[in-house]
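Pasting the structures in now, so scroll down.
In what follows, chain A forms one complex with chain B and a second complex with chain C.
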Partner chain A sequence: MISFDFDYLTPTTMQEAAELFQRLDQEGKSPYYYSGGTELITLGRLNMAYSEAVIDLKNIPECHAHGLSGDFLVQGSALSLTAAEVANFFPFLTSVASQVADHTARGKITIGGNICAAIFYREAVLPYLLVDSTVIIAGNKGITAKKMSDAFKEKIQLKKGEFLVQLLTERKWLNAPFIHIKRRQQWQTGYPLITIAALQAEDGLRVGLSGLCPFPFRSAAVEAALNKKEFNREEKIREALKAMPSPILDDVEGSKEYRLFALRNLLEEILNWQEGGFKLENT
Partner chain B sequence: MRTVGKSVIRKEAWDKVSGTARYTHDFQFTELLYAKMVTSPFGHAKIISIDTSEAKKMPGVRGVLTGEGLPLIGEAIKDRPPLAFGKVRYHGEPVVIVVADTPALAKKAADKVKIQYEQLPVVNSPAQAFQKGAPLVHEQLGKYKKDEDSYPVPGTNIATHLKIRKGDLTNFWKDVEFTVEGRYSFNPSDHVAMETRCSIAEITREGRILITTSSQAPFMAKRLISQYFNEPEGNIEVHTPLVGGAYGGKASVQLEVLAYLSSKAVGGRPVKLWNSREEDMITSPCHIGLDAKIKFGADRNGKIRAAEILFLWDGGAYSDKAIDLTRAGATDCTGPYGIENVWCDSFCMYTNHPYPAPFRGFSHSELSFAIERTMNLLAEKLKMDPLELRRINAIRPGDLTPTQVKLNKSNVGDLPACITKLKELIKWEEGEVVPVNDRIVKVKGISCSWKTSTIDTNAPSGAILTFNRDGTINLMSGVIEIGTGTKTVLAQILAERLKMDVNHIYVRMEVDTQTTPEHWKTVASRGTFMGGKAVLEAADDVIRQLKDIAACVLRAPIEDLEVADSRVFLRDDPEQGVHFKEICYGYTYPNGNAIGGQIIGRGNYILRGLTHLDPENGKGKPGPEWTVTAHGVEVEFDRKDLTYKLLRAVSVIDIGKVLNEKAAKGQVMGAMSMGLAFAGRETFVMDELGRILNPQLRTYRPLRYGEQPEYMVDFIETPQLDAPYGARGVGEHGLLGMPAALANALSKAIGVPIYHLPLTPELLWRTREGLLR
Partner chain C sequence: MKTHNLVLRINGEDRQVTVRSADTLLYTLRGRLGLTGSKPGCLNGDCGACTVNVDGWPMKSCLMLAVEAQGKEITTVEGLHDAPIQKAFVEHFAFQCGYCTPGFIMNCHSLVNNHPGADDKKIKEWLESNICRCTGYAEIEAAVKEVLGKKS
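After this line comes the complex of A and B, so read on.
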């Protein structure tokens, strides 16, 4: 149960939303951009999220865009993970998104909400990070476009009052070979012990991880190690492991040492997939 | 058999599947107030101060309660303040209750309560609690009131100590040529019933205490509240509607007391106390943990000659039901094996963990994990087939149990028959390990178990039957419908005895302690046995009354009469008879004269021949019969990353007699599912301060759909001669051997013995690499 009361606001334009945020912030109402609502509910009942004014972005048409336009796939931030899965424009995203939370929750969780989440797995960002999609951000000063590699450093870099509107992904990436493996503490339910996502680009393998560190990431150093032609498999893995950022998580899902054991195996799986001609067996 | 054995659909099925069935929390009314607990964030800490002033000031807050001045409570030892006083002894312990007009306000006000703590050294495992010089959880242990059967040791963390001393104690290891030994442990966990616990209490102007509660033990709640607070029993009325899963967790009496105290604090107004999921997991009683040490000695033929067993049960902060759990563990300590020399010490240890309720199987799946792993260690040492080892040692009629009950054909099932059936179902002849490719193997593990129900020696059950004017019957029993379908099985038993259509029997689902005859507690797989015995007696009572009146109407001697199809008729001329509806409210002659009158059937049952256990050697009769089981699990194991998939799980249970086939199979499968989740994933993760780090379903995960194996359930039928139609208890037994069978499979898979739960890939990796923490 959520014990705090809040106003619920439904702007219909990006500008209106941004203005509302600014005004409510000045009034000290701790405004909160809202889309699927799953975090407000689950963290709100634990007093880990608080707001007196919730701004629902779902009535803004741009946040609902979904389709191919010119060279791009355009996806609104308020699309539910299920909607993205069903339309399946971007199979890599479908693969990652379909493993987030559970079926009921995915009908509510949105792409934007997952990428901007307080809970740090944010797995939906992985495909966009690897293909370096363009991110459309709205705020008080209008709209800006950024590459995901600039907009996302451990978490989405938004200034106060800004929100995610759309993700633009170049068409050429939509059918690039990818692999995605979510390893959990046990069986098929739960947060990732480690989620690894990889994509084969012309310039080599790209790899993103969630659940290894308290943030999802793509690392140039890790990719360099895995792509180094002079290295054999064992060297690639050894150097990639050395290049991993810190801290490595040590929590209820698994210890640091065990995560590193699992990571080594996952990197091997990625290389197997690459050597085996990108045959998709296990996602 | 007309009805018994048939898969009759449970009588509350449509209400449940359509979502209209009402549980305790579904009852709302305007004058209801809402309580919210403030709980301890630490495992062990001194309470320095409690500041409730801000909460009290909030409009709509009707009362704020603290532990000061409340009596100590608890079932076996009165060691528990209803709200913590002086210090907190576990993470999640209730310290303050706020009562307010709405749930949201109660929560808001609870957030305003400020409590200052000073942390104390934490007792974080039963083994640590057992060490000399361990911090004490209860300094005043010697001063607590207790019942006769509890043996606390003041100045230690020992809440009770049960001893089993059987056989030749001076030449204990005499015939032994091989010994094996193992030390086992697992943390407490939870039941995770779908319905979190809820209680509503009200005290009327006449002083009547009305309680509605999601409980397996409303009659016990009545008795305990009477006892704890010196209230006349007749003043207390406890209602229990349908219960949304219990698994033993709702046999403990906790929220009822807190709701009663809350109501008292607000002038008797009705107050609802409803657990959040987190509270249900750690504030209310949990599933017990265990540290165990087992040593078996066998001769060269594989016959086990001696067993030395140490159980350190994780009694948590308060002993409550843990005393009984410790006793149950001792009584069946060897598993289902005939062993001459047995030495068992079963200790209930106080720790700074949430305290345990019963858990489906009542200590038996827990002890079976330790015993059955040791059985496999022995099989390896003897280079013997583990199933064959179990067959050789299977306890049989003529053998003595650890508490020296002599077994016969009726009071124990046929374990060798279960083993034979298991062998066939799990395709044992394929071998324990079957490679699929260079990385994947299929591995099988097996186990056996047994269980008797160590309930109060004088536990009663009663049944009342009344008629409707159309000749149909209402069945009232104190058995709670906790999801097991037992009330439908009772209707089947009644229908069978009266040879009538089960659809003409109406079962009262709700229990209230004022008008429903008592059924001790709906626990221990005793609902069908004891409730069924009472129903049979009530049926005979009704038959006698029906025949009495029909004899007048039909002008025939009673011995010529027969009852079937809702009629009483002449045996030699069935057309000559009367329908129940003509006589169940008296028979009226054409001129208006009436005879007989309303027929009310009554029946009761009390367990017979049970005794307390001798404190020096454990000798005594703890329960009426032993159900025996054999289990198998097959997994697909990845030798590289040590992950695995559950492929098949098998349970063969000597059920005595199948009363309702689908209901019985459903019970067994449900129990197996719980057992696999307990084995493979469910555990409380604790930090060094005794805090539970995963008290939420997002981090504490029962088995989810899609993760389950194929379930195979089969039954052996060796009747228990004094039970209704020969049926034995079956509500818990599918669970008993699951943790052990899975652990045996995975030990085989990694080639290193496993001694701990849960069996996550990380535990397998740590075990294989020698990195156990």
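After this line comes the complex of A and C, so read on.
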């Protein structure tokens, strides 16, 4: 049970949502944008999240957009991970999203909620980071568009009162070769140890990681090492490992040393996949 | 206290109920409407014991606010009457202590309805949403497959 009370508000336009947030913030009610809501419900039960006014974005049509439009795939932030999987416009996202939580939970967790989550895995952002999708953000000052590379630095960069509306992905990326590997401590359920996602672009290999550091990331330095033609395989991996950001996680899912050991093997698998003509099955 | 007077469509009936905004669907079903078939387990969206169907799809009722359920068709285990998956669970003895059974049944009921041609991969993917500490899942899988076989 959630021990605190809150107002539950269901705006139907982006402007209404942003105005509600501003007013409720001025009233000191710690407003909270709500989409799938799994994080507020689970953390709220433990008194690790709090709000006196919940603004549910699910009734805003733009947050439910889903389909191809011109040169872009448009995906609303309130789409459930299951909805994205079933439609499968973006197989790279399908692959990553289908490994988040479990099947039933993915019917509630939304794309926007996962990307904006407090929990640090935020794996759904990886495909969007690697193809540098455009992010549509709404707030009091209207609507803005940013590249994901600018909008996501360890976490989504939203100003107070802003919320994620849509993700726009260029069609040319929808069928690019990709691989996604998730390693857990054991079995197929539970939190990840490390998730690695890679995509082959014209300019080389692009790589994103979640679960290695307390934030998901794509690193130009790591990619430069893996793409350096003068390096042999061992040198690529060694230099990529040196270029990883810090800190490396050291927690109940795995020690820092074990994570780096697992990461080395994952990088091997990525290079195998690349050298093998992108033929490996996603695991 | 922020409350709402809702009409929830549950098991084919309109049920009036007053809830706090913060009340989960699980709490509302059990504590306010007397539908105790959905079981509280982890209360954290991990175990699946509280699974119901919302518009025909499985939903962990501990992860949904009651206010979100307005306008949706909710089915709890009490709403199933001799469903094929219930009979199959009995015939395959797909339970021991029984605590997780209502959640499993609602998940499997949705699975066989939405994916009558489900293969082993699909069945495994769906069953990973629920935790059983007694059985080894083999009997549950057999129950699902029997229903799928009858349908195909």
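The criterion applied here is as follows: the second predicted complex is superposed on the first by the 281 of 283 C-alpha atoms of A that agree within 3 Å, B and C clash if a C-alpha of one lies under 4 Å from a C-alpha of the other, contacts with A are read in each partner's own complex, and residues count from 1 in each chain.
Definition applied: a contact is a pair of C-beta atoms (placed from the backbone, for glycine too) under 8 Å apart; a residue touches a chain by one contact, two chains touch by 3 or more.
Keep in mind that this is a model prediction, so the values were computed, not measured.
Participant: Give one of first, second, both or neither to describe whether A:N88 is in contact with chain B, with chain C, with both, or with none.
Facilitator: neither
Participant: Just chain B (first), just chain C (second), both, or neither: which does A:D56 touch?
Facilitator: In the superposition, A:D56 touches chain C alone.
Participant: A:N47 contacts which: chain B (first), chain C (second), both, neither?
Facilitator: first
Participant: Quick one: is A:S69 in contact with chain B, with chain C, with both, or with neither? Answer first, second, both or neither.
Facilitator: neither
Participant: Thinking of the overlay built on chain A, is A:A105 touched by chain B (first), by chain C (second), by both, or by neither?
Facilitator: second
Participant: Answer with first, second, both or neither: which of chain B and chain C does A:I2 touch in the superposed model?
Facilitator: A:I2 contacts both chain B and chain C.
Participant: Where on chain A do the contacts with chain B and the contacts with chain C coincide?
Facilitator: Touching chain B and chain C on chain A: residues 1-4, 42, 45, 188-189.
Participant: Mind listing the chain C positions that touch chain A in their complex?
Facilitator: Answer in residue numbers: 1-2, 4, 20-24, 27, 43-45, 48, 51, 57-60, 62-65, 67-68, 107, 125-126, 128-130.
Participant: Applying the document's contact rule, which stretches of chain B touch chain A when the two form their complex?
Facilitator: Touching chain A: residues 103-105, 107-108, 111, 276, 640-641, 643, 645-646, 680-681, 685, 693-694, 698-699, 701, 703-704, 706-707, 758, 760-762, 765-766, 771 of chain B.
Participant: What residues of chain A sit close enough to touch chain B in their complex?
Facilitator: That would be residues 1-4, 42, 45, 47, 183, 185-191, 251-255, 257-258, 261-262, 265 of chain A.
Participant: What residues on chain A touch chain C, complex-wise?
Facilitator: By the definition above, chain A touches chain C via 1-8, 37-38, 41-42, 44-45, 54, 56, 58, 82, 98, 101-105, 107-108, 188-189.
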